């Protein structure tokens, strides 16, 4: 029982990971709110997903259940796919508007 | 089985309509409605006046929700179905001279409407009743929207939303009752009665208003009436006839069958309020009618007054009043169809329904004048016309309820005379003018509509016996339900 | 389950069709394939088989919804053939749509949160692209972008919620989660509730419940009409079915903790969407708000969460989808005539094509909930469900909002039947659209008159 | 039974006449229509006469039920007729006088474009009037009651091109309707308290009730309101003078002889109820004498020949009500009968004058017609003498009887009635002198065309004149040593009342003295009138000349019409407008439309929330999430 | 020991995450994000999720961030082109961020004493175990991920393949179209 994981579990309370993830998640949200550059906003969304990943891995480790980590694997795959598609969209938009500012895209309203 | 056929024959006829040419559509619609009338008359002869619901159909429909196709005909229903099936051919006939654009649609909607109306009156299942109730709204909406007069868009929309609002509130009420039916919930009328009776007085009061919302708007009772004059004004005449002649009877019928026996306690609690409102409505509408300039609006307000009296009579919970209401519904239906047709004839010939532009029509159209007078007398309830029988019984009941309400209700006799004679005088009497000089007398088609109406007005006035007889047992039955309930809770 | 394979195969086939020069066959094959997948699903009826270590379970709920989705998708393809013809990447579109349908099917049949998540993502990613598939159209770009940005943002919340639930129950399997929760979660209850709340946020976004609905009107308006039709039918149904599936299986035992939130969402959704829809000029946008409002009605059943909820949702979804497909098909035809279809574009339609006007009228009436059309019974059924669980006040509110609904649905009817137009010339309707109308109108009436066909299926 | 079908036939025959003439209206030649109409009424008259003679001790009354009319719940009413002494008297008067007037009309209406229509209406009127008096229950009576009102409406407005006539007709109908409402409510109250509407049942029950019970008072007052409307008493009398717009035979038949006496008939029919309600009886006395006086004073200053007669009718009706009010029911009926004769005569004679003068009705433009219209002159004189109460003409007996009863009952009432009857003599002779005496004031072209009426018109005049002169002998008062045939004949009808009423007969000597005083004063007044209008040739002031105080007041009929206009018609119109503007549009409509507008407004406002800005959307989402969490953790 | 490492990595992660948000230059943001990702990866190691660590580094740092950087370069974004929100918005964003943190903490606390039961296996983060799971229990999702990636690929290709000149032509025509459309969409009062 001298696994690193055992040490971790004994050493670091699960709540710490919870708070850390929450903090990262909120920072991600904050970034989405704070910035206008669509690329940065994408990055912040990635940050949010990472926070979730971290939390899930922590849970997985503390539960001793691999499903969480498999799930994180899926999330990563999805994140990659999203980024690919998202950036493609962004490029199209950039070509149409010459900007990555989200405030430029407000033609559809009311 | 006959009931099923009675209800759905117009629908079948509607479907057939769409493969016909416009001119054929007219005739087919008339033939179909005449067949419907014949069917209804046959059923009337086969009807046993000493029993309640007959020709019953009871098939599961949405079994898992306790919804059945339960329909039947008792005296009250029969009278109203008779009214519907007799008036529909007349209404269709009355439209013959107008060449409505897209005739198959027009007549299809009329027949569809007939189906819904017959369905409403026959339904013995709450859900079925509601479905037909709503279905009746659609055709009339489209009739008004497509073939109506000025400003019809907003007016018909207001009409639609207003009446639908009432209906939906009723739906909530019905649902509430449904969930209080014993055992596996059911919409059967008996179950709903039982559910209503099991409610506390306070709940009954709420349900009363929920259900009454629909009926009050449809009738309409003061102060829920503002959609009506506009709608009557703007609707094409057949539409107005359907609305005034038959459709508002739905509201009254609803009160009789789906309100009073369902929540007797609620009726006891609020009946007097409604009665008072109705009586106020009588006087109010009559007053408004006095100075109307437009014929259709005038008749619309008169209709509110008449319906107010009917409602007041019903809420006395007196058999005399109920019976009076039955006769008066029939009479009002016939009379108002006649009146609107008369207006239609006037409008068709003079292109105006402003009374001020008319006058002296009697000079050139004596037959038309005679028909107008007789129908008008039916409207002001002169004895030996159909209007009198009902109005007398109703005033009788309302007066027995309380002499003050009775006295106010009786004002309708005076005020009715005032506004009807005024309109008659302005339009028909005096010297004619440029517009009315060339007014031709009734032609053959018009006679075919007006003469039956006139005959019915007189016939019912002189021999109301059969009508009263038909509905007697059914009315008794309803009142017995109420009395048993009151006896049960120790009143 | 087989139908999923069929659809995946179809998707791949679409991609390969370009290579093998089989584009001509693509359309009929896809439509037939969708129908076939629906038929295949029938085999799963009453089996309730779990597949792949309980990832998907084709219980009756799943089968019914999957069938609905396949058939609606088939109708959708019939409707939007010309859309594909317009594009250079026909085959890509085919496959994306098919993938989206597969995602939707996962969303209604999952029994594992992983499948829910992946289903949502497959669906969403395809749609992000499809919404922007009018590349040159800045509105389409904007729609795509907004959808993508907000969608992935909402996904973050959804995942956070899933993570928390996982933290509490140590499983993604719905039944395990449900067992855990009903067994009691001790002091981790707060995580559970927070997780549920975050799931509501994430899924609420997908079904466009107010206040997470902001994307919907913009995206619906900006996306190509056929894609809007896809979103407002298939995506809507799948999202809601998924939402309900999750909450009814997992969180029914702690329903007291989240129903108030859902109630707030339902109330807000009903009110805001219906009221906002009143004053719209663009028909697409109006339909978008209408679609949002129907989410509100659907939420009522989630809220009530009783024995007939699922069946009510199914009925509602079918009724709603049929009417919406009809409406969008009409709209599609109108747009062929007037590219930016505002309500005035419908003026005098009855003169130009009475048949089209009639179809639109029926669709609007059904959406407004007028008997004897399916839309009425759907609403009625929803009210029954709510009543059964005692949400009387909510029913009254729903009644009021559906009245407001009349107002905007009838604007189109009034435009078609009352207003006049200077435009002349009949609008020609392609045969396949006539087929759609025939099918949908017939079904709208049949389901309206014989609701027993659907009621109590699931 | 044969006799039953006879009873049924009496009203049906005129109805058939109406239907035939009405349906064949334009196909029928005028003379055939007149023949049909006259013969139908004559037929009814013959049948009535036959019934009259078959009534007696062995057959006190005949009841005939045609069919059950209305039956609902505990309510049931039949179409059934009752022939008893009271109704047979009425029937005879109606059909008899009616027949004469039909014959007269054939001449009077000759050449009118609505000739056939006129006879149809007249027949219809006879039918309804017969139904009114023959009904064996209240509701059927009401049928006749309203029916005659309808005919009155149709006939007043017979010349419908004239707007004033139409308005007069409408006014008559509406005012009658006001009375009718009272009547119908009374009927309903009767039903409520007696459970039946047939006379038999009600009277039998009522006889056992205590005098002055509030129920009875209420019922009788309500019924009396009906009588007020129909018989043109204060305050509903103003329609009758206006009703003179109708053709003169109509005025004679409906507005003098028959319809307006329906109120008298009704009260007499219900004598037991009124006897048991002293309060109502007193009310009737008050209204009766007040009306008698008021109308008489107005008549003094009128210049339209028919208007004078109309006010005279109102006044005479007041006298009849006085009789009924004091319990002298048979006297009331007696006077009604004689009045039917002489007033019909007067109207017909006036009609003859108008006919001869080519439509002129203003007495200021007449004078000296004696030589042009000899028959008319004589008959008019007889009528005038009869109405003035000069013995031995009919009016003398009946009026005297009423005054005697009034004297016994209440001296003040007697005094007023006495004054009114003196006035009657004055204005009637004023009318007579101005019309027939002196020299003609008419224009030359009118004078040249003045001619005596044809035989169809004069024959009825002569017959009626004979009747006016002699009808009084059916009721010679005891004091003059005669036998009161009519009173005896009617006795069974009033038997129950007579049993209850106090027998306050006046002493014979007093009655003799009263007769003397009345006759003497009447003669004096006649002489005064003669002096004024024949000797001194006074002519009433022409239109437009301003009159002094009292004269102006009565010339303008006490401004009653104007007052009614101010206090009823105008406020009603105002109310109608106010309700329309304030309640209907400002309140109810505004609330209803306001709901719609509120939705539209909120729609307009809410859509602005959708700014199109993604940043804002996300912001809103996050805020919502925060709020959700906050709310959630607080609950 | 592990705790200190945890503190260190956490501090670094949060700090660089904040820098991602607050850096003015997008390129810096990307770089800070990379740092954050590495920190998260460090946490994976602490938690013995070696397989995920590897995937994480490859996918995030290796693929996603490169993609981001590439796009930023491609679009030539820098500090000057960076759009800035108004201060008020920024302030509001910070406030709501803090509030969100607060409510989340509020909602998630209370489970502080939670002691999780040890699982059957302790060391689950290995390729072997996860691989087994992926190909047995999670086979279907794994396959679905492939579907997803296929869809994303198709989509991205489809979007990216659009010829530039066509876009530019469209741009012009759409400008005029935009005006008419906007007119119709705006309230007409």
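To keep things simple, chains are lettered A, B, C, D and E as they appear, and every chain counts its residues starting from 1.
Throughout what follows, a residue touches a chain if its C-beta (ideal position, glycine included) is under 8 Å from a C-beta of that chain, and two chains touch if they have at least 3 such contacts.
As the structure is a prediction and not an experimental result, all values here were calculated from the model.
Contact with both subunit A and subunit E is made by C, D. Path length between subunit A and subunit D in the chain contact graph, taken as the least number of steps between touching chains: 1. Of all chains, the one whose mean C-alpha position sits at the greatest distance from that of subunit E is D.
The chain pair A-C and the chain pair B-C differ in C-beta contact count, and the higher one is A-C.
Measuring from the averaged C-alpha position of subunit D to that of subunit E gives a distance of 100 Å. Subunit C and subunit D have Cα centroids separated by 78 Å.
Centroids of subunit A and subunit B (each the mean of its C-alpha atoms) stand 66 Å apart. If you average the CA atoms of subunit C and of subunit E, the two centres end up 28 Å from each other.
Those residues of subunit D in touch with two or more other chains are numbered 596, 604, 607, 610, 612, 614-615, 618-619, 622, 625, 629, 632. Looking at subunit B, one finds that residues 161 touch two or more other chains.
In subunit C, the residues that reach two or more other chains under the touch definition are 114, 118, 121, 125, 128-129, 132, 135-136, 138-139, 145-146, 149, 153, 164, 170, 193-194, 197, 217-218, 221, 279-280, 285, 407.
Contact between chains, using the touch rule, shows up for A-C, A-D, A-E, B-C, B-D, C-D, C-E, D-E. The residues of subunit B lying in touch with subunit C in their complex are 61-65, 102, 105, 130-131, 134-135, 137-138, 142, 145-146, 152-153, 157, 160-161, 164-165, 168-169, 171-172, 175-176, 178-179. Taken together, the subunit E residues at the contact with subunit A in this complex read 1-3, 6, 10, 13-14, 17-18, 20-22, 26, 29-30, 33, 36-37, 40, 43-44, 46-49, 51-52, 55-56, 59-60, 63-64, 67-68, 71-72, 74-75, 77, 82-85, 90, 92-94, 96-97, 100-101, 104-105, 108, 111-112, 114, 116-125, 129-130, 133-134, 137-138, 141-142, 145, 148-149, 151-153, 155-156, 159-160, 162, 164, 167-168, 170-171, 174, 178, 182, 185-187. Within the complex formed with subunit D, the residues of subunit E that make contact are 85, 89, 92-93, 96, 99-100, 103-104, 106-107, 187.
Contacts from subunit C toward subunit D in the complex involve residues 145-146, 149-150, 153-154, 157, 193-194, 197, 201, 205, 211-212, 214-215, 217-218, 260-261, 264, 272, 275-280, 404, 407. Per the touch definition, subunit A reaches subunit E in the complex via residues 1, 3-9, 11-12, 14-20, 22-31, 33-37, 39-40, 42-44, 46-47, 50, 53-54, 57-58, 60-67, 69-70, 72-74, 76-85, 87-92, 94-96, 99-101, 103, 107, 109-110.
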